[in-house]
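By letter and in written order, the chains are A, B and C; residue numbering begins at 1 in each of them.
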């Protein structure tokens, strides 16, 4: 059993604190993704779990044991690095077996473990090559193989896919997910790409400026973002956000543009409160091109400034109260610039944030 | 957990510091002390007589010393500048070659690996007025009837020494500048070409700024070794004839070992050390600045 | 219109041709100047003394091994104990190189991998010790070594060369270690290595060729050094080859042929080693030092 827990963990470089007291519990076999913009402290947190950075304050425990002062080699973890960090002077076989060699396991045992890992990741034919002779995706696989060969308590991934091209990234994402299903182990995965976070994670930890902003399953953070930061960070395209004022059951964006206050929020907002109205592109669709859905809707008449056909759907860009907003057209037909479309906004999926604090009002 | 241990980097640097301290620092302190005494090797007791700055006053009022000092500065200025210029030219030429480049580069490195003393001997032989290659060739070709006194005439002797020095040290410039040219991204040059730069303009505004750090690395490495000229001069002319090619270093060696006047020689030594340190620090600063500018 | 275009094309073509001719000539001249002095020495080591001294010069050389025979024939011509010098040079250079690499590699690793205050000052300071002219250093060392009783010994000269080679070895190895991403030793640490194991199992093997170049450079520095060796060694038992070269000069005469033969003996190892290191040496020099 290897659950990972962080208690009030801080990190500072001199006077500069980059991680401010993080609390996090990761269950056994759970796949947790730390996600956030660069400089949010996610990598530092991962490296503190790995033992590559000193822990300035608080406590990190793996499997219930405090590991703050243990060197990496005594934490029984393995890690996949962004640039893979394969040993260039060793063959793939030697790379995979290195940790066991250091642990002084017998030759047959090493060979067995290497073969197992190689077959899981389909590395069989590459075993006698050196890293320089491998493609990016193959290196990535070797790095993962090196991580699993030892059956560690925890896998750590530090932006492992960011050096791959888009197509390969999607493919490796699936492989990582499959790998987790095959070798059930606790995984802590760091990325700045919210798509990776959404697709891989059992639970997502969203970080910003050295703090955890929200922890939840992918659906939770997508559907119930706690603040405007999460709302605009998670989901693609980012959530449309319009600032306005509550008055008489409506949110007044400008004197000309008003949106009905979604019923879930009535009673949670004060008259005259400044709020940010948020909705996703998926919930703004031209009439006749939406999924049939019951529930409250608001009608909007939008002048299209740009249409991006993606095949199955077309992204529609328009402007509302001086803010660029995005909608979506399912079963698309050609749309020309300047065309006026009658659209429906599904109010049940809208969000309301306090403008002053950015916090969700739900 | 409280660990009373020196940091790892200090432990790793310790052997270096100890070796340098024992072999270089302590002797330097000793020589600094002795430069304030009238120490003579032949009379050890003179080591304990303090004469203050008398040695320094003496060399600073000594015309021979100033002549040697001025000659050294002049020699270094000319040699370093020409080495840079030739090195740059050679690097540019080799860079343009399309085949056999590796061979040319290897050939370029040869002089770098010659012992300075060997370079001295080599050119002493080549410039020998009687059996040297240069005079033999000049006479056989009928350019001159008399044997030119390459190592005796003061101007010709300085020329010969400078030639040897430049022959030996141009390589380091050529090699490092060539490395810079290899590392240089092609896009800016191509963009400049399309934008209508003449070859000279693109060299002046794109290639040269990029090469600056490499030039300064070469200068820095070179400045660590300026005193190598001692070996060459010592062998080719020994500072003579009649002090015409005397440099600070040969003068110092003569004063110390031949005249056995260690105190005053050490005072001269300090002047020469300051000279080397000045060159080194100057180029190190230039190097850091150039590197920072390019974001290397 | 089209004739103007043709003319301009021709102009550029001619200029191109002239340039490439000048380029070739220039390069040829440079290579001649670099190669001829060395070749002249080699050539003369194979010529009889009479011919070297001949007036007017003889341009068609005759071949003889007389100088080499004299050199390797024990005491040699004029009693220059070449073998002893060669052995001294070899012992002193090899030993000092091994020690300097050990010490310098530790220092270079510290500069490449650790952050500490005043790092660049330490670095420049170290280099300044290297900048101290050999002659200037030889004066106090001569006195100190004489006192301690290690003048004219292998040990004394080895010490000096270690101190002389350490700063530059630090510079070079710093450059080589810096080229190795630090994730490599982090990966090794996670794979269960101690820092010590991580270094020897991963970083050192990766930097091996670089360290070898640094070693060869240190070796050549010791092999070629003259200013210090000429003062700190006196007898056959410790004189190195550069100092031994002086033995061929008598008061007014120089044994050119013998000297050339010894010179060839000195150059050969240097050239061979240069050939091996050239690539790595440059990358180490340009990567190391004064940043970060």
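Definition applied: a contact is a pair of C-beta atoms (placed from the backbone, for glycine too) under 8 Å apart; a residue touches a chain by one contact, two chains touch by 3 or more.
On a predicted model such as this, the values are computed, not experimentally measured, just so you know.
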item	value
Most remote chain, CA-based centroid, reference being chain B	A
Two chains joined by the most C-beta pairs in contact, as defined above	B-C
Centre distance in Å when chain A and chain C are each reduced to the mean of their C-alpha atoms	55
Gap in Å, rounded to a whole number, between the CA centres of chain B and chain A	58
Chain B-chain C separation of Cα centroids, rounded to whole Å	14
Interface residues, chain A side, partner chain C - complex	50-52, 71-73, 77-79, 81-83, 85-89, 98-99, 102-103, 146, 150
Residues of chain C that touch chain B when the two form their complex	23, 26-27, 30-31, 33-38, 40-41, 44, 52-53, 55-57, 59, 102-104, 106-107, 109-110, 113-114, 116, 120, 122, 124, 126-144, 159-160, 162-163, 166-168, 170, 195, 220, 223-227, 231, 242, 245-246, 256, 259-260, 263, 266-267, 270-271, 273-275, 278, 282-283, 285-286, 289-291
Touching residues on chain C, where the partner in the complex is chain A	181, 183-184, 186-194, 197, 201-202, 205-206, 208
Interface residues, chain B side, partner chain C - complex	7-10, 12-13, 15-16, 19-20, 22-28, 30-31, 34, 41, 89-90, 93-94, 96-97, 104-118, 121-123, 125-126, 130-131, 133, 136, 139-140, 167, 171, 175-176, 179-180, 183, 214, 217, 220-221, 223-224, 226-228, 230-231, 234-235, 249, 252-253, 256-257, 262, 265-266, 268-270, 272-273, 276-277, 279-281, 284, 287-288, 291, 296
